[in-house]
Amino acid sequence: MGEPGESRKEASAGLVQYSTENLVPFGPIHPALKEPEYFKLYLRGETIVDVIPRIGYVHRGLEKAAEQRRWTQNTYMFERTCGICSFAHSLAYVQAVEGLTTYEIPERALYIRLIVAELERIHSHLLWAGLLGHWAGFDTLFMWVWRDREIVLDLVEAVAGNRVHKSLATIAGVKKDIPDSMKSKIVERTKHLADRAYFYKGIVDTESTLLMRTRKVGNLKAETAQKLCAVGPLVRAAGVPRDVRADDPYAAYGDVPLDVVTRNDGDVYSLLHVRLDEIVTSANAIDYALEHMPKGPIRLKIPPTIPAGEYSTHIEAPRGELFYFVKSSGTAIPERVKARTPTLANLPTALELLKGYTMADVPVVLTAIDPCFGCMDRLSFVDLDSQKKWSWTGEQLREYGIKHYFPERNA
Amino acid sequence: MTGLDSGDRIDVVYHFWKGDVIASIKTPVPKSSKHAPSIVGIVPGAILYEMEVHDMFGVVFDENPWMDRRLLLPDNYPQDLPPPLLKDTKPADIRKAVGVER
Amino acid sequence: MMLVELLEALIFPGFLFTIGLGFLFDWLERKVGAHMQGRIGPLVAGPHGLFQPVADFLKLLYKEEIVPSFADVAIYRIAPSLFFLAPILGMLFVPVIGTKAVATFDMDLLFVVFLLAYSAFVVVILSFSSASGYTTVASGRLVLQYVSYEIPLVIATITAAVFSGSLSLAGIVESQSRVWNILYMPFSFIVYIVAMMAELEKPPFDIPSAKTEIVAGWLTEFSGRSLAFLKLTKEVSLVFGGGLAVALFLGGPLGPMPANSVLVPVVYGTYFLLKLLAIVFLVFVLRTALARLKIAQAAELFWKILTPLALAQLALVIVLKGV
Amino acid sequence: MPKKIGSAIPEMIRSMIKKPDTEAYPFTKITLPETYRGKLDIDPAKCTGCSICAYVCPAAVITMVDLGKRKVGEKELPVKRPKFDLFACIFCGECVENCPFGALEFTKNFEMATSQRETLVMKKALEI
């Protein structure tokens, strides 16, 4: 299995034998992948014959590390599983932990959780729509969408204090309140974003070069999606109305009306539509929640230990169903925390979809599932036991590289 | 799908979701044999989860076609070291073995 | 007299002028594209970042050059200079400050068309010489794209020649002194622009160097000086291709002329630059507004739509000429 | 809807005419919200060395340094003050929230990039 150096040799060998499949490495470092993962693509001409994934390049042993930290500290660590769905991760973790206890979570906190989660969904979907433009070679869409993404990031910054890692969810509550003075600003901005979503739908529907790239690419059938356990927008684009927010309401989703957006074709074009429509439904949900938010406290004071037991929970992260399982032995640190992220669930589907398509479709299809390899590998910026301090000078790195790739030269 | 180290056995927990119910089915796998049947034939989407439990706990799922590959662990993760998520595996040992020095 | 010609070839409308225009268009492409996308674009080097392309070029010049161990070293070394040669040489045949270019002979149009084909051929060789997975895919795409755009491109060029009844660029330009060719052959002009964008690998035809698919395509394995010159060549090619379009369809540097004979070359040069800018701007708008095609779709576009269009225009022009 | 080529062009022209949306950041200052969590700051006068911040910190940024003993009435109490390795800080706000004396606060300074790790070690509280 795949060291990059090895695959390069294989690739050049493939060049000599024209008749066999040509191996093209897709990653670990590739302009279309914003995080390092490795896919071996076997090509015949331009057509993909087989794909072999090799993930784990950013695996940092998060689940092991969780077993050495206290419950509250873990909130921040799991939040850093991913930059884009950071609140979803901390929310799912917090929800799983709360499941072990009998605390009455304040209503207002549940509403704030919903609002921030939906802001994050808008952000994630905008980010994805822009990146799709980039991957399909339509940089203008990318720039425009990301320009509008700044608006929602500024909102998140105003609500939570930072743009990416909100650090807002905590066990039995949230840490910051949304003051009334901020409400009108949020409503105004989310309305604007919904308008922009309509505008982008207009471009996506009419621009024929973009249609050529997205229509009938990566056709996913409903049965295949269900068989391969696809989740989130991917399965909704294939016509299965499955959404944790509606099926198994958490936070304040039980009280807020929400449409489940579905499309029937299952191709990238439908995915784009599903995501752009969900921006609109999210904006509506935020408006509704802000209007109906009850007054009251936002968090409870709790002891550091959590009662023994096992609990599993799931939420609808922007990318799909995010699943958390926690086991407590009644102490201040967890016995086991397990996270199953939407990307890992969607990866088999993406690999299946790729077969038969051409090299040009790889970035579009592979990234259509909105992969977050950091999530998939459970990446952490927090080190295994936080005293990991080592640095390499450029010279050392070079030496290491030479030793790694050319062992004979070193001897 | 979750692995759990419960002393002398590894519990493999399968979670299924329909409607508003999550069904968790716990399957004990003794640490002495570490073999379990695969569910890939019934649920094809479980292939990567089984690989993950294999990487992290060393449980071998028979009939899983990709069981000989590694998914998450680095290539230089030593064979003689126990899988990382077992309770008696110390982070310090792993760091030493894969050559991440301070 | 010899000295004047040498200066013409080396400095004004020749070598240095072409490279300068190449840098200018690189800057313009980035700046115009940035503003269309709501960004600022190059800002720091020079006024409004005008010298950014020059700075990038100089930076690449003193970067380390790495030759892949499995590359065909001889071709890998030589091909960038061969590639650089094509647009620089071609630009000498494009009339800039008069109806006559720096270098000119009867039937020089054929030589210019040959240069277009030559540069595509060099790129394919270049791509194959640095044997890696990405460049292999890129070579396949290059060849396929080449056989797609070359035929409409040549037909569009020939249409202009047929109408003007001359196979030399000077003759074609002179024949347009009253009415520009574009009025008689608008479709040829469109076909030429689209095919030129394919030749220059501007989006939506940046298929052989699609960065999200095959890293940098045929440029992947190049670094340092080679990369600097390859990138410069791509920009200079835009000058050459645009200049050719001006000569073929927009009447070259011709236009209303003041009586003063000293100013004549300057005025001619200004007309040429304005026309060239118009074409280049059109290319920039198109490249910003469109998504990248797949290679099969590009081939379909050229074979099914543009080639028949170009042929129909040619037939029309022959009929017009006959009448 | 009808297919056409270049449906993005009207918006492109609109974007071109109006001012760019990008801010030329290092040359212009940007505004930050009140709640912004920037570089951590400590008020040494308020700190009593209670070590709560060091306990709650998830990233082990804060270590307590012993500064000798101090006489309070009859007893000798150890004097401790926090040292901050800010390069590991994750800006979660746990220490600020849990400080019983309000000695810690976030500033709006976010320009912390440096080539030397030592410059990000905050020893402000140690100089008493």
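We just call them A, B, C and D in the order they show up, numbering each chain from 1.
The rule is simple: a residue touches a chain if its C-beta (ideal position, glycine included) is under 8 Å from a C-beta of that chain, and two chains touch if they have at least 3 such contacts.
In this text the structure is predicted, and so the values were computed from the model without any measurement.
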item	value
Pair of chains joined by more contacts [C-beta pairs], C-D or A-B	A-B
Subunit A and subunit B, separation of their C-alpha mean positions in angstrom	23
Whole-Å gap between the CA centroids of subunit B and subunit D	38
Computed distance of Cα centres, subunit D from subunit C, in Å	52
Subunit A-subunit C separation of Cα centroids, rounded to whole Å	42
Two or more partner chains touched - positions in subunit C	36-39, 288-290
Shared interface positions of subunit A, touching two or more other chains	140-141, 144, 147, 207, 209, 385, 387
Subunit B, residues touching no fewer than two other chains	none
Pairwise chain contacts under the document criterion	A-B, A-C, A-D, C-D
Residue numbers on subunit C that touch subunit D, as the complex places them	32, 34-40, 43, 285-286, 288-290
Of all residues in subunit D, those that touch subunit A in their complex	1-8, 11-12, 15, 21, 32-33, 35-37, 56-60, 88, 90-94, 97, 106, 117
Subunit D-touching residues of subunit A, taken from the complex the two chains share	69, 72-74, 76-77, 79-80, 140-141, 144, 147, 150, 154, 157-162, 165, 167, 175-176, 199, 202-203, 205-209, 211, 381-382, 385-387, 391
Parts of subunit D lying in touch with subunit C, wherever the complex brings them together	5-6, 8-9, 12-13, 15-16, 20-22, 24
Subunit B - residues contacting subunit A, complex	1-5, 13, 15, 17, 19-20, 22, 24, 43-49, 52, 55-56, 69-75, 84-85, 89, 91, 94-95, 100-102
